[in-house]
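Naming follows writing order (A, B and C), and every chain is counted from residue 1.
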Amino acid sequence: MKLDAKIPSGPLPQKWDKHKFDIKLVNPANKRKFDVLVVGTGLAGASAAASLAELGYNVKCFCYQDSPRRAHSIAAQGGINAAKNYRNDGDSVFRLFYDTIKGGDFRAREANVHRLAQVSVNIIDQCVAQGVPFAREYGGLLDNRSFGGAQVSRTFYARGQTGQQLLLGAYQALSRQIGLGMVKMYPRTEMLDLVVIDGQAKGIVVRDLVSGQISSFAGDAVVLATGGYGNVFFLSTNAKGCNATAIWRAYKRGAAFANPCYTQIHPTCIPVSGDHQSKLTLMSESLRNDGRVWVPKRKEDCGKEPGSIPEDGRDYYLERKYPSFGNLAPRDISSRAAKEVCDEGRGVGPTKLGVYLDFSDSIKRLGEDKIRERYGNLFEMYERITGENAYQTPMRIFPAVHYTMGGLWVDYNLMSTIPGLFVLGEANFSDHGANRLGASALMQGLADGYFVLPYTIGNYLAGTRPVKQPTSHAEFKRVETEVTERTKRLLAIQGKRTVLSLHRELGKLLWDKCGMARNEAGLKDALQRIPQLREEFWKNVIITGEAGSVNQALEYAGRVGDFMELAELLCTDALMRRESCGGHFRTEFQTEDGEAKRDDENFSFVGAWEYQGADKPPLLHKEPLVYEEVHMSTRSYK
Amino acid sequence: MNLTLKVWRQKDANSPGRFETYEARDVIADMSFLEMLDVVNEELIAAGKEPIMFDSDCREGICGTCSLVINGIPHGGHRGTTVCQLHMRHFQDGQTITVEPWRARPFPVIRDLIVDRKAFDRIIQAGGFISVNTGGTPDGNAIPVSKQISDKAMDAAACIGCGACVAACKNASAMLFVSAKVTHLNLLPQGKAEKDRRVARMVSTMDEAGFGNCTVTGSCAAVCPKEIPLDMIAKMNRDYALAIFKGE
Amino acid sequence: MKLLYRLFRSSLGRKYIMGVTGLCLFAFVVGHMVGNLQVFLGPEAINRYAHFLQSTGELLWLVRLAMLSIVGLHIWSAVVLTLENRAARPVRYTQDVFYGASYASRTMIGSGFVIAAFVLFHLLHYTVQVKGVNLTGQDFTTFETTLKNGTVTHDVFKMMVVGFSNVWVSLFYVVAVSLLSLHLGHGIGALFQSLGLKNDVWTPRLDRFGKVIAWVLVIGYASIPIAILLGYGKEALK
């Protein structure tokens, strides 16, 4: 395997425009002869499926949910960045590019990030035209707010439901194409494997989640927009159904998996309340615009009512440590700071794993009404879950797994190492480096789907002939049999432990050993225990019901089975990367004051892993990161 | 606390269903209703029985997947709350709770508490969009939208498409869902161009799906987890009247 | 044609029919009440009014026919919509909670049918004046009186006093107007909703108007039989 990022030549700001001109086009009459399979209907998948259908391609689109509108992009709250400079505060494409590169701790590919910043402005225009009700000012123009990791106001938002509104925009565009017959939609259909024929992605094998039937779909290209793998940690802010099966199967069929250890822990989630917990709920990072994060200075005060602790007894640790960014320090830094104070024993709440997010100063300054207008729905959500009124008492928050920067390796065209297999959004690795800034995920998903893939897929398809391999091809039958056999095997185990209990154990292990802080000993321990747990899974799991009907336990087991393998790769990558960068913090590699210490000399590369077989260790390929425009500096938010 | 659950079980769309009784033991107040069901399911699976199947995904009240009728009320009857965010602190020890699926002809039961809501997707496919292709759109600030209109559109657009409005309505009417989308898009200047066509097509598709009619009982708005008000329906009634008089 | 098709075949179109006919019937009910309340002004006033109505000839029949078709359309749309509503939920819930729905809104078809039955009775009772239904043994067609201007006309005042002296008739009347009030208390607000004439400013105003007018109607209508049962009019008849 050779990693060729295919970055266009020329100066950085002109690369994308030049590339758009250089790439091959598909004749409009020929477009309808090409079948494109899009898996996933989040921001990236829905926008890609809609845009490709508008161009005239024949699109088939798949999602495991009952409707494409339910993909987890819908839960993003805060906003979407765009370098519009509507605020006249010095924003520009270059500044958004630079902030994103810096926020990613200089571990992202320069050309991709610059392109992302460039198309960010088109995204806003597109979404407005679709009817996304972004917040407006009284004059009728678009409103902005600031977000973590940036010193300009460039975040567009629709109350606390920006992800929902953007997704509904994309879903509506997709629905329009479904109505026009340009897209055939397959909801409640889960991709279980990829079919590669003569080295090219030619189709997928799916399970109909209602009838249980396993069948194949053939296409000229396959687009995976299936999201991240955060649920490998069991507890995360992802939806219950989010899974890595599609990208993991693609990996096992030859797609390289890049930077799996780059996982993002979001600083503002509602703390865990007990063992029954099925997921964690995020409170938008935008809350940090008006909330101040603190813990008591003295351990003894931690059990007290927060209101009874005097001002000088409080440690506003983010403001103290990072005076210039304060409460808006990037996610990885804020999360780690919270972990530190809790490790010191100064955490609050019943579990002592929590810090305060206090709005009393803002309420004093702006009034409760203003705060209600900005964050009313978040405060309500907090009250619903915890039973506490955050207008009166500070919120308690704690970091939780939120996003995975790693994913399938893709070149500048978003094509993986398997020709014809494209990967979009959170499922790929490309734009966020080792840490993602707030309001950038929505931007990337939509950039990939609306403005990048529709160009780059043409370049690939123009070079192929629309010769569909029929699903009766031997390779399709072989993969279908493999998938069926795996399902049968799972159902035949009939052991003692439920999938959930095994998943929870895996998650706990990963959170402890490969969570906010990692070290060699812990990772080695995890690498020993994960295979044991996997063995336990394949020997002792119990799955009731049958394969030929709705069977949620079986669906879940398939997903967890893949997490059991992915977890190992995640730890392998974390162990390999002997430096700290962004969301990957190795305790051995830190500065004297506890900040991440990068090793640019040895680790300024993308680590892409190639599957070698079930019993062989994966093979590491390195894509060097070359910075032409930016100077790699130590990331400081002090 | 300990609870008794009477849960609707149904093998598939064509089989008859029935209620089964389960005991939920050691329920904690901080659990969500779905987490309580998870615990019951864990016991069922461990005992080799098939778990209670229900839809859920985001579990933070925004995806619109979860769909349970609890004691006769979709989502359980707490203001602005989906069942995934309904916490057990609202129940009492020893209580018997009935759990049923959404019931409406256009929402056939797929299994146990899972229903098929494709009818909603078909309504959106008929006209719940603004016909713009990707690219070539004007600058986001080119058309000013008054804050009042934008806020109202957002109120409507907050709909999560869960279908509780249909489930709650004594007539199984989908008017609140359809009118929320009509209001969102018809109010905005961007959506005005195809306003009449949109409402006519969406209403036709709604009627064809077999939903009931609105008799303004207000149950839909009362259970709506996003608290979408009844004015949306009035707005759609107005827009439809204008549309058909213009010949749509 | 398309317009008619949309009006009669779409769910919203039928609600427009329901709303518009409801509005007409509401206007009639108000007018009818105002006319009837003239009974309290004494025999001369109400009899003169009745004579005026009777003497309009063809116009009266035009109005009667129009009322009949309005009632017909109102009932037709109600029946069709209700049948569709039933069909939309083939499997019912174990408990019908109908959370957030008022009693009036849930029982429109029931209150409507009782009112329809009453209207039929009322027509036979006072308009057609079928002897068998008035339960007093008297023949209303024979009641005659002379107005101050010398015109001999039907004595409506006597008919009302005699008619409402029967407790059962009055009771049915009071029950029916109470149900009418319930029906309109929901119906007036709902018709503006169905016709799309509400928004967040006007919704509360119209709903309140509906509730108030419903009370006015029940008080206005019920006052007549109650007053007569309490003795009103006996004196004047002597």
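Definition applied: a residue touches a chain if its C-beta (ideal position, glycine included) is under 8 Å from a C-beta of that chain, and two chains touch if they have at least 3 such contacts.
This one's a predicted model, so the numbers in the text were calculated from it and none came from an experiment.
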Indicate, using Cα centroids, the chain positioned nearest the centre of all protein chains shown. B
Name the chain whose C-alpha centroid is farthest from the C-alpha centroid of subunit C. A
Which whole number of Å gives the spacing of the CA centres of subunit B and subunit C? 38
Could you give the separation in Å between the centres of subunit A and subunit C, each centre being the mean of its C-alpha atoms? 64
How many angstrom lie between the centres of subunit A and subunit B, each centre taken as the mean Cα position? 27
Residues on subunit B engaged by subunit C in the complex (per definition of touch): 6, 17, 19, 69, 71-74, 77, 98, 100, 103-106, 168, 170-173, 200, 203-204, 206-207, 210-219, 221-223, 229-231, 233-241, 244-245, 247-248
Listed in rising order, the residues of subunit A that touch subunit B in the complex are 47, 50-51, 54, 65-72, 74-75, 84, 86, 122, 124-131, 133-142, 156, 158-159, 161, 164-165, 168, 171-173, 175-176, 178-179, 185, 187, 210, 237, 239-241, 273-274, 276-279, 281-282, 380-381, 384-385, 387, 450-451, 454, 494, 496, 498, 500-501, 542-545, 549-550, 552-553
Where on subunit B is subunit A touching in the complex? 11-12, 28, 30-32, 34-36, 38-39, 42, 44-46, 48-51, 53, 55-65, 80-81, 85, 87, 89, 110-111, 114, 116-118, 120-121, 124-126, 128-135, 137-141, 143-147, 150-151, 153-154, 157-158, 160-161, 184-185, 188, 190-191
For the complex, give me every residue of subunit C touching subunit B. 2-3, 6-7, 10-16, 81, 84-85, 87-102, 105-106, 108, 186, 189-190, 192-200, 203
